[in-house]
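By letter and in written order, the chains are A, B, C, D and E; residue numbering begins at 1 in each of them.
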Amino acid sequence: GGRVTVFAAASLQGALDEVVAAWPGEAAISYGGSGAMARQIAQGAPADLVVLANVDWMDWLVSEGLVTQASVVNLLGNRLVLVGPADSPDLQAIDAAALLGRLDGGRLAMGETRGVPAGIYGRAWLEDAGLWDALAPRLAETENVRVALALVARSEAPLGVVYATDALAEPGVRILYEAPEDPAIQILYPAAPLTTAGKELFAHLRTPEAAAIFARHGFAPPGAAP
Amino acid sequence: MTLAVTLAHAFGDFTLDVGFKAGPGVTALFGPSGAGKTSIANAVAGLFTPREGRIELGGRVLLDTAAKVNMSAHKRRIGVVFQDGRLFPHLDVAGNLAFGARYAPRGAPGPDRAEILALLGIEELLSRRPGTLSGGEKQRVALARALLARPEFLVMDEPLAALDGPRKDDILPYLEGLRDRARVPILYVSHSVSEIARLADRIVVLREGRVLRAGPVADVLSDPEMVPLVGVREAGSVFEAQVLGHDADGLSRLGVSGGTLILPRVDADPGKHIRIRVLAQDVLLSLESPKGLSSRNILPVRVEALHQGAGPGVAVSLRLGEDRLLARITARAAAELGLRPGLACHAILKATAVPRGDVGAAHE
Amino acid sequence: MTLAVTLAHAFGDFTLDVGFKAGPGVTALFGPSGAGKTSIANAVAGLFTPREGRIELGGRVLLDTAAKVNMSAHKRRIGVVFQDGRLFPHLDVAGNLAFGARYAPRGAPGPDRAEILALLGIEELLSRRPGTLSGGEKQRVALARALLARPEFLVMDEPLAALDGPRKDDILPYLEGLRDRARVPILYVSHSVSEIARLADRIVVLREGRVLRAGPVADVLSDPEMVPLVGVREAGSVFEAQVLGHDADGLSRLGVSGGTLILPRVDADPGKHIRIRVLAQDVLLSLESPKGLSSRNILPVRVEALHQGAGPGVAVSLRLGEDRLLARITARAAAELGLRPGLACHAILKATAVPRGDVGAAHE
Amino acid sequence: MFEPAEWAALALSLRVSLVAVLCSLPPAIAIAWLLARCRFWGHGLLSALVHLPLVLPPVVTGYLLLLTFGRNGAVGAFLAEWGVVFAFRWTGAALAAAIMGFPLMVRAIRLSLEAVDPRLEAAASTLGAGRIATFARVTLPLIAPGILAGAVLGFAKAMGEFGATITFVANIPGQTQTLPSAIYAFLQTPGGEDSALRLTLLAVAVALGAVVVSEWLARRVARRVGQA
Amino acid sequence: MFEPAEWAALALSLRVSLVAVLCSLPPAIAIAWLLARCRFWGHGLLSALVHLPLVLPPVVTGYLLLLTFGRNGAVGAFLAEWGVVFAFRWTGAALAAAIMGFPLMVRAIRLSLEAVDPRLEAAASTLGAGRIATFARVTLPLIAPGILAGAVLGFAKAMGEFGATITFVANIPGQTQTLPSAIYAFLQTPGGEDSALRLTLLAVAVALGAVVVSEWLARRVARRVGQA
């Protein structure tokens, strides 16, 4: 009984709200950054269920003994895309020369590459694609991926690396390229119940209706290319 | 340079409604506490805009509420010495003085800085902060600062109230000099009849926001009806005298219309006209010319009128040549001597009774 | 209640080093601007801690730097009237007065609020803000506020400097009453010899941070050597007189040790002893007793000594019965009359010459 | 136009801000007094300490608060025994807001204190008023403009504070979700800009109201203190 | 102990903060003067506007800055024609820091202004000093304590500002990566606390130094103005 408190990654707002609205129970969702939430849970935050945007922080919770490894489920997946302002033409090729040409002295907006998950993933992808060295001096790293999206939408930056979910909802940008699936760089939203009270909602999140709603917002099932 | 002032204003139930002319020379604003002296001084300086009024200085209109003219204070070139000094706390004394000098028009006449410092005895204060000065020291610095700005007209709001007697005596001659030499007209606000008698040419007597009397100092102060206003102790007559000569024993001979007076040496060259003030209470009357008296000054006078006041005293107007001399004696003495208008008698005046502070240079 | 003060302090090159006793009654601190009067007053009130010193009031040690005793100002029960009023700007006049009354000990003696308001003429100011009061009005309110706090000892730092003559005359009798009836000892800082002569029992003359003279007012002010210090105009003698009777024409008869004086009515009952002050310059000397003179007061005196000053004047000490009378005449007159110690002559004193402000009730 | 959750966030923000300002005023006055009037060893250090919340990124402040006042924190564990819990309660949001606004309040009050003429306090003491009475009846009314200014700054800061708050007490609707946290969350959401804008306008309206009221109050106070 | 990139972040933070404070002082003084001395229509509105950066979540402020001063923003596009570009430059970080600290500076200066005795300005005018001269030679020195306090608050705020900065100009090492952005990044990573702590201590040390220097300066100023 009572209200279930969910700590969830900020980027899930909207989708998660809808999913929880379809659940008969009562829930309050606290959205925030993954790192902050993990630390809060370590300090005794009254969370019944946690959904992070980053596996590292979930691993950290496990290593702190706050979550059992067995209870962790990768709930959702996401994908990185390369976006440009809505009026930008197609890219001819995805190589350093083409990208630098498109930047034309401008900057590539993406999440902060050490702390913000989208930035960390983006860097891994650029490194894998062999573009990192060329692009690293041309980055504009933002505090969160939404700001990177806004920079592109406002044409402040000619290119940006953001989540597909964000790009879909923003009419100011168009997707120029989708990052290929790479088992080494899995963008996952791990979830775990923290109390028995959280288990029921946790189960609801894994129902097909929930999956449908998530899918409508652009999220992919974990580990599967959409 | 004449200042013409008309003002009307109301503060709660106090209403100010005055009109007067000031200058050339020194015009005194005299009146009890709360009469409106400071309000008038501020209006002239441009620090207070009355509801209605017109202020003109030597042809320049400083204020005309009807014509919506209101010249700002810094353009009026009216210097002010405030009751409360108002030194700048962030500047030392030298800095305050420099501030005064900074905006003075180049080449404006006036005594130089060293002279002013010496006169006011503030050379040793130059590096002091206003906060560490005593009340009198502050006021002296404020005075110097205003003088250094070389104003065309000076307003002084009880500038000497915080100074002790000797310092006052030191400064007064300088103010006279300022009036006579630099010809800066002054509006001088004061409680002190003796300062006014000495400095001022004209006096404007205020009471409760209205002008009660205005006119030449000699006339107004010699008027027996002013006795209750200026106070028994300060009532007296003011008249002009010509310096006849200086004697070796420190006395000067002065010619007045009705005879010769012998007074402690006055600070004016023979031939000069000066103004002297004789307090009513310093004059004795005698029916016959007394002998063997320490007083040097026994002058024939004629009784003009007797004015019985509220107390035991009588103010006696005396004709001394062309001047009027005021004596204050007891009613009992008046009766015993049989004083009546037209009676000839002798006025006795001690040589030392015309105090230094009351002998001023007449304004020519 | 006696106040014993010893202080030493240095401000830059000004050093203060004084010791004196004050009270019962009124003790005047007299000295030129910058002599250290305010510093002493502040030390007594507990607002300034000198480097070294000891202050004791009626057995209570207020300060003893050697014993590291330093009672805080609010416990000293020493009321202060400041030179600059220091009204609280956030309170109206009524609020300022209430502040004064708030911490007064219950049942402490003194005139009631209505009486004080009436005396100082501030009933109509009660709802005004300090910022809208004129200089004199402020000072009157400050005076009332200090009185309402019912202090055991009052320090007044030139409290009347901003008041005009008539207001001063109104307040002075009240201060006398305070001294005589409420028996509150007062340390009275002033430039004005006439205020001091009237109010004070003892005087401490300061100059440049040091005590130059201290003693009963009568002695110090009657001393011819004080003439340059108090100024020629203010020098005079002070002595006691007994009220013999009041006449119908507004004059009073007073017995002094050397005869009878007739003065404008004094405010004391027959039989009472009062203090009178006679300015040196108000005294004339005559070898023979003059006739037909307006002056009622012709007293036989004997010349004690002549003191030639720097100017043309001579101060003559006269023995009048047991008292000393001071006359100031010109050296020329002294020579012509042949004045010399031991000579008997007549002192002439106008009835109106002892001004109201200078007749004070003697402290018993 | 606004959803119940949004009204709740507004109500919470107001409550948090008011409580933060009211509770931090007395210590702010005390510390401002210490800094303005006393010379002591560590004066500069205390002043620096007071400024810290301004210098530290709010997230760091929030993190430090979490470490200190969290259920497992040094102070938090102790206080919990007495039944006082800040972590993940609206009281924690108030604490965070109070701490973030503290330097602003102290500075404003201190400036006013330094402008008070000490001679007026001296006059009060000669009238028999002790230190505390003098402070309450003379100093305090005279620094009213500074206190008001400090309160307005503190209130505005509290209304806008979010970095420390969200780090310390999370973002739980109805419990710790203040207006700025709600705005932040919306900004993280695809398509949430409109909602963020609405809430921002709400916050601006409230703050504007507070400032206007304070200006009016300030004029009254200034008239009382005789400066207008 | 510190990496070159971290030193660079520190140097940038210092430069940004100093420039922010220096450039915003004149307008802060002007607006404080307007608010303290003039009665005009929209007085309350202006005051509220000045407080806005305090009320708005920094991210919103940063977003608004982006909309206004971005290359395609209303003002930004215009300024770009004149060669003034804020986006992705350290100047943009300074602009953000200046705006965030603006309310603090204005308040401190305004409080000081309101405490200036207008009779001193009147005295200056009777000595022939016009409005500007009076302001420069009397008012300004008298409000030095307030200006100093405002500058310290502004500097401290600028050293800690990060939300608006990173939103407006992102985080470009050597250009816009200030100390707080670096700290923030470390806090986002598990195990990054130590690095964050190191940088935090660095920021604290700098701010502490600034406050201590300002206290010393304030005492000198106060002695000059005769309040100590």
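FYI, a contact is a pair of C-beta atoms (placed from the backbone, for glycine too) under 8 Å apart; a residue touches a chain by one contact, two chains touch by 3 or more.
All figures in this text were calculated on a predicted structure; none of them were measured in a lab.
Looking at chain A and chain E, the chains that touch each of them are D.
Farthest chain from chain E, judged by C-alpha centroids: C.
In whole angstrom, the spacing between the mean C-alpha positions of chain A and chain C is 90. If you average the Cα atoms of chain B and of chain C, the two centres end up 26 Å apart. Averaged C-alpha coordinates give centres for chain C and chain E that are 59 Å from one another.
Computed centre separation for the pair chain A/chain B is 89 angstrom, with centres defined by C-alpha atoms. Counting only residues that touch two or more partner chains, chain E has 59, 63, 162-163, 184, 187, 227.
Counting partner chains per residue, chain A shows two or more touched chains at no residue at all. The set of chain B residues touching two or more other chains comprises 84. Taken pair by pair, the chains that touch are A-D, A-E, B-C, B-E, C-D, D-E. By the touch rule above, chain D contacts chain A in their complex via residues 59, 62-63, 66-67, 70-73, 87-88, 166-167, 170-177, 184-192. Contact residues on chain C toward chain D in their complex (touch as defined above): 45-47, 72-80, 82, 84, 86, 88-91, 99-100, 102-104, 129-131, 145-146, 149. Across the complex, chain C is touched by residues 119-120, 122-131, 133-134, 137-138, 141-142, 144, 224-227 of chain D.
Residues 5, 7, 10-11, 13-14, 28-32, 36-37, 39-40, 42-46, 144, 146, 165-166, 168-170, 217-218 of chain A touch chain D in their complex.
Of all residues in chain B, only 11-12, 31-34, 38, 83-84, 128, 132, 134-137, 140, 158, 161-167, 169, 191, 193, 230-234, 247, 249-251, 262, 264-265, 281-282, 284-288, 290-296, 311-313, 327-334, 337, 348, 350-353, 355-357 touch chain C in the complex they form.
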